[in-house]
Amino acid sequence: MKNKYNINDFNFHYKIETRWKDLDAFQHINNAVYATYIESARVDLFKRWGIPGTNTGKSIIMASLKINYLKQLKHPSSLIIGQRVSRLGKTSFDIESIIFDEEQNAVCQAIVVAVCFDFDSQKSVDVYESIISDYEG
Amino acid sequence: MKNKYNINDFNFHYKIETRWKDLDAFQHINNAVYATYIESARVDLFKRWGIPGTNTGKSIIMASLKINYLKQLKHPSSLIIGQRVSRLGKTSFDIESIIFDEEQNAVCQAIVVAVCFDFDSQKSVDVYESIISDYEG
Amino acid sequence: MKNKYNINDFNFHYKIETRWKDLDAFQHINNAVYATYIESARVDLFKRWGIPGTNTGKSIIMASLKINYLKQLKHPSSLIIGQRVSRLGKTSFDIESIIFDEEQNAVCQAIVVAVCFDFDSQKSVDVYESIISDYEG
Amino acid sequence: MKNKYNINDFNFHYKIETRWKDLDAFQHINNAVYATYIESARVDLFKRWGIPGTNTGKSIIMASLKINYLKQLKHPSSLIIGQRVSRLGKTSFDIESIIFDEEQNAVCQAIVVAVCFDFDSQKSVDVYESIISDYEG
């Protein structure tokens, strides 16, 4: 794990702390909560790209989410989420996110397929320039 | 959507109701909450298979989760989650889950790759008979 | 418990089902989740009163929440939340909510102090007629 | 608000960051989530007192929670929760918690009535010495 993903390969870093309520009845951080961690990091990236936090104008919608679970997590843990634009299409693109624990082990790897979408015209649109310039070709 | 997935193709049905808090700042049911809906349905299936709700003995762990988002959801909505064992491997298997809304439109499709795991020996084990007999070959 | 609160003393009934993720590391329904159950019931009551789901116009805001925990809850449980307007003030009022389990035992009792508030003028306003007429004096 | 509560009057400080999912459809941090923030801080305090994270032996259970909502919260916010033991009884005690925002304004004030409880004997027991010594008389 440790060697497969390196935090330095991800140009966006987002810190997040576990909460006690993130634990489930198995006393591990719940699988679905990983999606919430990744979402908080993603919204931060959207802010960098000037995406509004409302259902208006030029925005981004999610087409799919894939999470590969690599390691169980305890509470409390201080996590860093590494993110990068890992694929560019015409109207869609991928964000790869890795949650790293304190020892920089990968806890999970996730790919979000996102679509640039204009809420006013209700149509998908070309990937925004700000995203293209963040693509790690 | 409606035609692509048919609830009658799924032999396990689980009902779930949205909650107001499932909405996010976009006033839609939050993407990560779909993972929680699917999880509640899956835990119900695990009970059918006699899987204990603790980290002991013969259990099942998740290797990955993939969700394809097909439709946005409002609150309140009464949902039915259709589930089936869609793939059988030696120690792993897939569960396909579809969340259907009141009009039986598919809201999302999800595939969980699950692994039969013995917490006592800390090893993956052959897929349990109860799961094999539920496989819709 | 059973005798202290009677569901027939509450004129509004709201059904809610537990979810697996509502459990916490103690394998009981998490204390904070009770607030979410009560909120879902309350939002349903607000709809009856014509309160919009947005930060505009004549709305209702929460001043305080008090929950008395009476009983632990397991998953799955089918709950009924009984609600009533238990106090009327000039601009504020109380909602008493009881979560009842399948045996109609009270799981918790909650009092929300709510304030009628006009988001446009940013001022508290007299309690709305619809609420007054629902007061069980 | 700022003057009413002073963070220096609370001897335990716990940091917590909002998450995007903590927002609700009103685009404010959801009222029920405040209970989760306070809980994370409280569990940290329990660890200081040597309370186990399981339903065994000498533990602490919650009798009630009262939250006074003073201020709405946006995301992202960096919060500090000030905590103190504000009342000592024979088998019960109170924890007062204040959530402070970046400007040290009080966002809410909460009182938890907690009971020292022995899960083995299923009886309430005298308040533990570690808690008595933390009481700010």
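Think of it as A, B, C and D in the order they're written, each chain with its own count starting at 1.
The rule is short, and it goes like this: a residue touches a chain if its C-beta (ideal position, glycine included) is under 8 Å from a C-beta of that chain, and two chains touch if they have at least 3 such contacts.
The structure presented is a predicted model; accordingly, all values stated were derived computationally and were not measured.
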Remotest chain, subunit C as reference, centres from CA atoms: A
Pair with more cross-chain C-beta pairs in contact, given A-C and A-D: A-D
Centre-to-centre distance between subunit C and subunit A (centres being mean Cα positions), rounded to whole Å: 35
Centre-to-centre distance between subunit D and subunit A (centres being mean Cα positions), rounded to whole Å: 31
Per-residue multi-chain contacts in subunit D, two or more chains: 20-21, 25, 27, 30, 32, 36, 39, 53
Of subunit A, residues touching subunit D in the complex: 15-17, 19-21, 27, 36-37, 39-40, 43-44, 53, 76
Contacting residues of subunit B [partner subunit A, same complex]: 25-28, 30-33, 35-36, 39, 53-55, 61-69
Sites on subunit D touched by subunit B in the complex: 20-21, 23-25, 27, 30, 32, 75
